[in-house]
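Each chain gets a letter, A, B, C, D and E, in the order it is written, and its residues are counted from 1.
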Amino acid sequence: MKILTEMPDVTALMPEIVMTCLALVLLMLDLFIRRKEITALLAIVIAAVVGFFLTGSSGTAFSGMFISDGYSSFFKLIFLVSLVLSVLISIRYIKIESVNFGEYYSLMLFSTLGMMLMASAGDIIVLYLGLELMALSLYVLAGFLRHDTKSNEASLKYFLLGAFASAFLLYGTSMIYGLTGTTNLKAIAHYLAANGVAHNPAVMLSVILFVVAFGFKIAAAPFHMWAPDVYEGAPTSVTAFMSVGPKAAGFAVFGRVFLTAFGGLQVDWAGILIPLAILTMAVGNILAISQTNIKRMLAYSSIAHAGYALIGLIAGGGNGVASMMNYLFIYAFMNIGAFGVVIMLRTEGFKGEEITDYEGLAKSHPLAAALMLVFMFSLTGIPPTAGFVGKFYLFMAAVAEGYTWLALVAVIFSAISAYFYLRIVMYMYMKEPKAEVALSTSAPHGIALAVATCAVLLIGVLPSGIIELARAAVAGF
Amino acid sequence: MNGLAYPILSTLIFLPVLGAAVILFIGRNQERLTKWAALAVSIAVFVLSIPLFTDFNRMTPLMQFTESHAWIPSWNITYFLGVDGISVLFILLSTLITVLCVLISWNSIKTKVKEFYIAVLVMEGAMIGVFSALDFFLFYLFWEAMLIPMYLLIGVWGGPNRVYAAIKFFLYTLVGSVLMLVGIIVLYSYAGHTFNILELMTKTYPYRMQFWLFWAFFAAFAVKVPMFPVHTWLPDAHTEAPTAGSVILAAVLIKMGAYGFLRFSLPLFPDASKAMAVPMLTLSVIAIIYGAVVCLAQTDLKRLIAYSSVSHMGFVTLGIFALNIQGLEGGILQMINHGVVTGALFLSVGIIYDRTHSRQISDYGGLATVFPLYAAFFMVFTLASIGLPGLNGFVGEFLIILGGFTASKWAGVLAATGIIIGAAYMLWLYQRVFFLETNQKLVGLQAMELREVITLLPMIILVFWIGIYPDTFLSFMHPSVQNLLERLNTGGQEVTLAGKIAEIIK
Amino acid sequence: MDNYLLIPFLPLAAFFVNILFGKTLIRDKSHWVSLFAVVCSWVIAVMTLFEVIGGRTVNRDLYTWIVSGDFRVSVGFLIDQLTAVMLIVVTTVSSLVHIYSIGYMHGDKGYYRFFAYLSLFTFSMLMLVMANNFLQLYFGWEAVGLCSYFLIGFWYEKKSASDAGKKAFIVNRFGDFGFGLGVIMIFLTFGTLHYAPVFGSVNGIVGKTVDFLGLQVDLPTLIALLLFCGAVGKSAQLPLHVWLPDAMEGPTPVSALIHAATMVTAGVFLVARCNPIFVLSPPAMNVVALVGAVTALFAGTIALVQNDIKRIVAYSTVSQLGYMFLACGVGAFSAGIFHLYTHAFFKALLFLGAGSVMHAMAGELDIQKMGGLKKHMPLTYWTFLLASLSISGVPGFAGFFSKDEILWRAYASGPLGHLLYAIGALTALLTAFYSFRIIFVAFHGKFRGTHEQEHHLHESPKIMTVPLLILAAGALAAGWVGIPPLLGGGEHFAEFLAPVVGHAKGEGTHAEEWATMITAVILGLGGIAAAAFVYLRKSTLADTVAGRFSFIYRLLWNKYYVDELYDTIIVRPTFWVAKNVIVGVTDGKIIEGIVNGVPRFIGTLSSWLRNIQTGMVHQYAAVMALGAFVVIAIVLFW
Amino acid sequence: MVPLHWYLLLSSAVFVVGVAGFLTRRNIIIMFMSIELMLNAVNISLVSFSRYLSDMRGQVLVFFVIAVAAAEAAIGLAIIIALFRNKATAHVDEANEMKG
Amino acid sequence: MMAEGIFIYLAAAIVILSVLVITRSNPVHSMITMLVLFFHIAALYVTLNAEFLAAIQVIVYAGAILVLFLFVVLLLNLKEEMVARRYIGPWPLGVLAALGLLVVIVLSLKSFIPGPSGVFTTEVVRAETNTKVLGQILFTEYLYPFEVVSMILLVAIIGAIVLAKKRLRN
């Protein structure tokens, strides 16, 4: 047993290391910063710096435990984007909610760090730790409105069910460890292929336990029940962050584990995922129709979008994964944009969460209404917007792999989804305003919305940039 | 090849959108400026579209004024535009109709004037896009993009029950077109990863796949036409839409369904189209008679004209699925005629609706004495609608019945009964509105403005022009329809019902 | 010679001038414009007649109208003997009606509109007559239908008038339905719609059969019958005659022009023009003959009991048209056209006479309320008398020659002909009876109207009586051009039309010809005598007969309840279907049911599923555990 | 030598008891302890694997699991206190303000 | 023979104690039962020659986490807790689900095939002592996860303060 003498090669780890150090520095600085906007600004600068390091890093470290390839950097890009946008829309918001503590931003950074670790985890242990790091910071963020019982309830539910799910994950890990003697994904894949023990019930058990844990994380159908309550209870900016970042991380891990470790069992776990995906789309779309609270509606819509992204995973292959990643990237902008508009309605003394609060918004605030219209149509998947491109790529991948009927089912569900998205547009444009609605806008918030709208429209019209990026990312997989 | 120096089709698509963007920045209170700007843009687009009419080469079936730029290389999608005999007339119709819509809603739109004209102009861009797109992705993009402005047009400026009508319109069309989306993707993956329609047309597809894809495309186009079972959105959308909305809906939107059959279903799935001709003919005949008979029971003016559109479009689909040259050319010409006539009828209804704010026929009567010029205009359009020879309706209808008769005698005969019922409900409508004693409500009616006369004038000219000398319009279509028929007869290999070919649809 | 183009386009120009500038500029001078146009057309028509007599016929295309694949049709003109005759008839009667209308329509608020429609009608009729292909014929066909719709519904404030106009147009459309299909069948069999090639290669289709709606039908018969459908619709023959009596709602000059002389005869013209096709199929010929005969009798019986002067004359028109179709049916197309030619004069005269009576009686139409007008309106009386003599077939008058020709040709055309002859002769009796019933009831005896009506009685102004006189001359002299050889005449009319319609076949001895002529004359005079006896001697006899045979009387009075029959069979069920079946069930319940039902179902499903989300953490955890259990169980045991 | 299976059965038994506890008990803290039970069950199986596969990875993982369990405990109890401060209840089924 | 005896005792004790933990109405009783349970688990670890972990189990789990639980339990008013309903309404469903899970797991574990054996046989571990071997692996092969755990603990501290501290100044 040689003792490690020289420093391990950490070039691949630079983004994570930089993120950790700067997050800690931010934590310290926060003590001295009076105006919290500066903390937010610093958080964004940190994100930018990490983004800068992201491009350079590729390769593996710590004997395969840390893999930094195209796949992980694309996902890290999504995490950073969602971090920046969430921070921008939460500056004004947490001041209104009077929880304007610096820790909010550092927790955001830690959760992003957790996601980045998950994305580039080559070993199940590191994956679990990354997941826990992200989850813990999210439990706290969900309960950030200490005075609001809804927020407490949200964090409690998220915590209990999160712990429950990670217990299943651990049980699965122990099972795999028992069967293959290793927790390294590539080694597992190699072992399963070599010893032909792939279809052993115990392996299938661990596969299913992983499906449960990751299903919980991306809020797929039977494991989705926490999402509506947590999304509704948590502060809206956290909900925005939560509905994009962790979901993408969940998919990153789902992809990583199932395509490398259980690559051989593709047929089996695809068979498991198909009913799951259909159930997720069904639950997400159908239950969203009768919602009255807009955050809850968007929660169900994000469940539905998880269902659509699952199709990419089921299709598998280069195109399938690329379409999933592309969809999640576009989904990040659409969703945070939509939540951004929801946040604008939140002013002193006016919650602005009920759908009926949006009546006549087009008359009182035409710009806000127009933005919401763009996001709603993008979420439905109507062509000139990015939502359509995302779905189109997904269905193309599915049809290429012969899942035409699945694409058909998904297409029908996205038609059903048109109903509740359009209901919002209908409330805004076709109803007379009841009370005079004031909007709380601020410069960063404006920037975030502008970025989101431009992204949604630009990708909608010129999607080749993102598609190429996603394709190149998968090539490295 | 592109005879002109500048990319005419792209300008036609993006000029209105640009105009809409300009209007966006006009102040909310300067309504007059907004209106004039919108009118200027729409006229400019119309003027720009005239070269399409004059410089069109009537000898070749190939696509003209083509433009092709790489758009999304990773999916092999090109921004590919072009027109041929079939689609050029529709573009001209769209540009003309938009000008008239801007004119007609001059002072009938009171609220959110800016957004209204933006929606109309964006609508125009999308419409032209649909007719000139030759890349499936681009086609689908315009096809769906058109839904949004129309949804807002009906929903925001519509009548009392507008919200229900708007949502119904949107969902009806969306459900149909998403099935087409899957169809497009299956085509894309089977035909070697290309969206280029012209390339797709050269390939042959197994019958079983043609069958399923035909029905997928049918879902989208039948809703738009609207064919018999899926037509119930039209009366609601028409009655609730503002005048401009129902004119665009009647004149152009409905044509996209039939255009879709012509451009996609027939050439791409020749065997399936031939096999499905009989059910299609039955549906069309049902639509003709059903639409006509139901008009007899209507009390709302716009709803009656809407149902008459169902009947007229039944003729068009009959023409298309007669699968012979007279039927096809009659169908295309009838689409233009229907656009002109029904568009004009809705313009006229708009004119009196601005004055009386009522659509119930019982509120009218004896309008001829109060409003003679208007009565004359309406009479010409009524006669054109019932297919009086010498006016435009007859030429199209006669060719269709001729084509239908050759295709199947039953279809021809039953379709011909449509003209009887058509005459019945239109003349009965005309009598209840214009003849009999003058209704007290109508006494103080203000005469027709010059603006309104100008709006209806082009329609009158077109009605007589197509009626007396249809050759100018028919000559556009000959080569393209000929080409389409050749593809139909030779394109798909013979029908192998055994389905032994690798079946793509799992 | 090529100024024949002016004939139709002058009235068209007059129409546009009147309709565009009528209201503002011309106002009450508008009759000059259309009168000038129609008189010029008449002059050119006469010149064309002489040129055609000289042997020159014209068949020229103006421009190609519709081209689609191998379907090619153009707007073209064919001037031959038949056209020449029709030109003369149309332009003459039209001019006289124009003159008459100046007086009759004086002071009417839509004065310019009336003359504009008259010009448009003249244009359409001329286009119909001069067409050289079936599609332009169809164009003229529908255009005249349109003008009759305008003119019948001229006083559109009156519900009965606009209803009558609408009814006329729709019933014509029933006819045009068959006619259109006939035109299509012609194209499908001959590949073109132009007369010359069609009639040239007509022998090729003899004996051919075609599958029409499942049953094998003989081709020429099918085409002939379909074309005949149009004729029945336009010339108000039996099944589709209901619109003509109601058409009397229109101004009387209109009835004179359209519903006596020109439009209604278009059907006969069509049959005559397509005689090569009709001749090929004996069954079709028999159908035409039978329909003609039966309609003649049917209309004749109804006319007996009507009291409205214009309705009587209208039914008499239907009856006389029946005669013309009878003639064509037995192959004597020239006889049919000859009767058309003579009928135009005396029927127009009868209508205009009725018009001047109405004018005098301030719009009163019921002959029972008239009486003794002879004294007050001598000119109208004598011209009316002359027309009645002519229609009753009193020898020497125009009606006698044409009707006798028809009856003789019918008799001579074979066994069925004898039956047709019998019906024809009986109808001649009825014609004479009801014609002279009007004379005796309206003009003789004492006045039964109201006092100030009597006071108001006066002869019509000169502008109205001059046309009456001219027509009277025509009613007298028109027949002389076609005096049969039996009576020493040269039968010039039949000879003139021979190249187009050929000679009537069927031969019979002179004796039979004399027998038929004499019996017809006896019946005619008998009818007059009977009318005189019934209405001059014993005015009460009519009521007693009506009383005893009340069932038949009521049947005839209600026009055999045909209108009510159509209403119950066609009109009311369609409306019922429209209201209840479509709006009610299929659209309302089934389609809307599905269209609204599905989203509502999803809505209820959604709100039902919502309360599965109870907000209890245990429940969520339980669902997760259950989910895991189910997946594992399935994977393990499958 | 005790066969590996028995250990696995033991760990799955404890795991299931933990799940049962989580699903049935109303008191949050007991639910929390049930989660700890489940984690301990996992630890048992990991250690037993490490012993029978004679490989130390299992024990390292147990080490990390315990550390994470500690962190979770801290956060969990903080959440419970925060909730308790607002709603003075320790029962989960009273915290269901959000449903549907 | 001796080892089986000890295992059986420990296994039985662990299962019974864990059932007791989840069924006591008084949280403090279940806390104490849990404590005893942890001792038995530690004993089990010793039989599996993982002495270091046994120590950790006792110190960290029993010492730190349970104590933490105790503080929070003391917050509640025990009297009201004693009398309140212990189980949720449909608790049999929960038990049924758990049992279902058990059956399924056991069935799938029947065909369990252990993986390849590594290099640290029991003799080596006994020779090098468990703590040393663990330390070696931890700080060579598993250095990276070790650092991540430190981050997790940091987040735990921040979270606990943010959520639970009485007055957060701002």
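FYI, a residue touches a chain if its C-beta (ideal position, glycine included) is under 8 Å from a C-beta of that chain, and two chains touch if they have at least 3 such contacts.
Remember, it's a predicted structure, so these values are computed and weren't measured experimentally.
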- Query: Hey, what chains does subunit C share as contacts with subunit E?
  - Reply: A, D
- Which chain is in the middle, if each chain's centre is the mean of its C-alpha atoms? B
- If every chain is reduced to the average of its C-alpha atoms, which one ends up farthest from subunit D? C
- Item | Inter-centroid spacing, subunit D versus subunit B (mean Cα positions, whole Å) | 65
- Query: Using CA atom averages as chain centres, what separation in Å is found between subunit A and subunit C?
  - Reply: 79
- Note on the structure: Per the C-alpha means, the centres of subunit B and subunit E lie apart by a whole-Å value of 71
- When centres are defined as mean Cα positions, the distance from subunit D to subunit E in whole Å is 7
- Which residues does subunit A have that touch at least 2 chains other than itself? 125, 129, 132, 136, 139-140, 143, 146, 155-157, 160, 164, 177-178, 181-182, 201, 204-205, 228-229, 291, 419
- Task: Mark out which residues of subunit E touch at least two other chains, giving numbers and ranges.
- Result: 88, 93-94, 97-98, 101, 104-105, 107-109, 112, 114-118, 141-142, 145, 149, 152, 155-156, 159, 161-163
- Note on the structure: For subunit C, residue numbers touching 2 or more other chains are 599, 610, 613, 615-618, 621-622, 625-626, 628, 632, 636
- Which of the chains touch, listed as pairs? A-B, A-C, A-D, A-E, B-C, C-D, C-E, D-E
- What residues of subunit B sit close enough to touch subunit C in their complex? 168, 171-172, 229-233, 290, 293-297, 324-326, 329-330, 366, 368-369, 372, 376, 383, 388-390, 394-395, 398-399, 401-402, 405-406, 409-410, 412-413, 416-417, 419-421, 423-424, 427-428, 431, 434-437, 468-471, 474-475, 478
- Note on the structure: The answer for subunit E against subunit C in the complex is residues 88, 93-94, 97-98, 100-101, 104-105, 107-108
- Across the complex, what residues on subunit C touch subunit D? 610-611, 613-618, 621-622, 625
- Task: Would you mind writing out the residues of subunit B in touch with subunit A in their complex?
- Result: 71-75, 112, 115, 137, 140-145, 147-148, 151-152, 155-156, 162-163, 166-167, 170-171, 174-175, 178-179, 181-182, 185-186, 188-189, 504-506
- Of all residues in subunit D, those that touch subunit E in their complex: 1-2, 4-10, 12-27, 29-30, 32-34, 36-37, 40, 43-44, 47-57, 59-60, 62-64, 66-75, 77-82, 84, 90-93
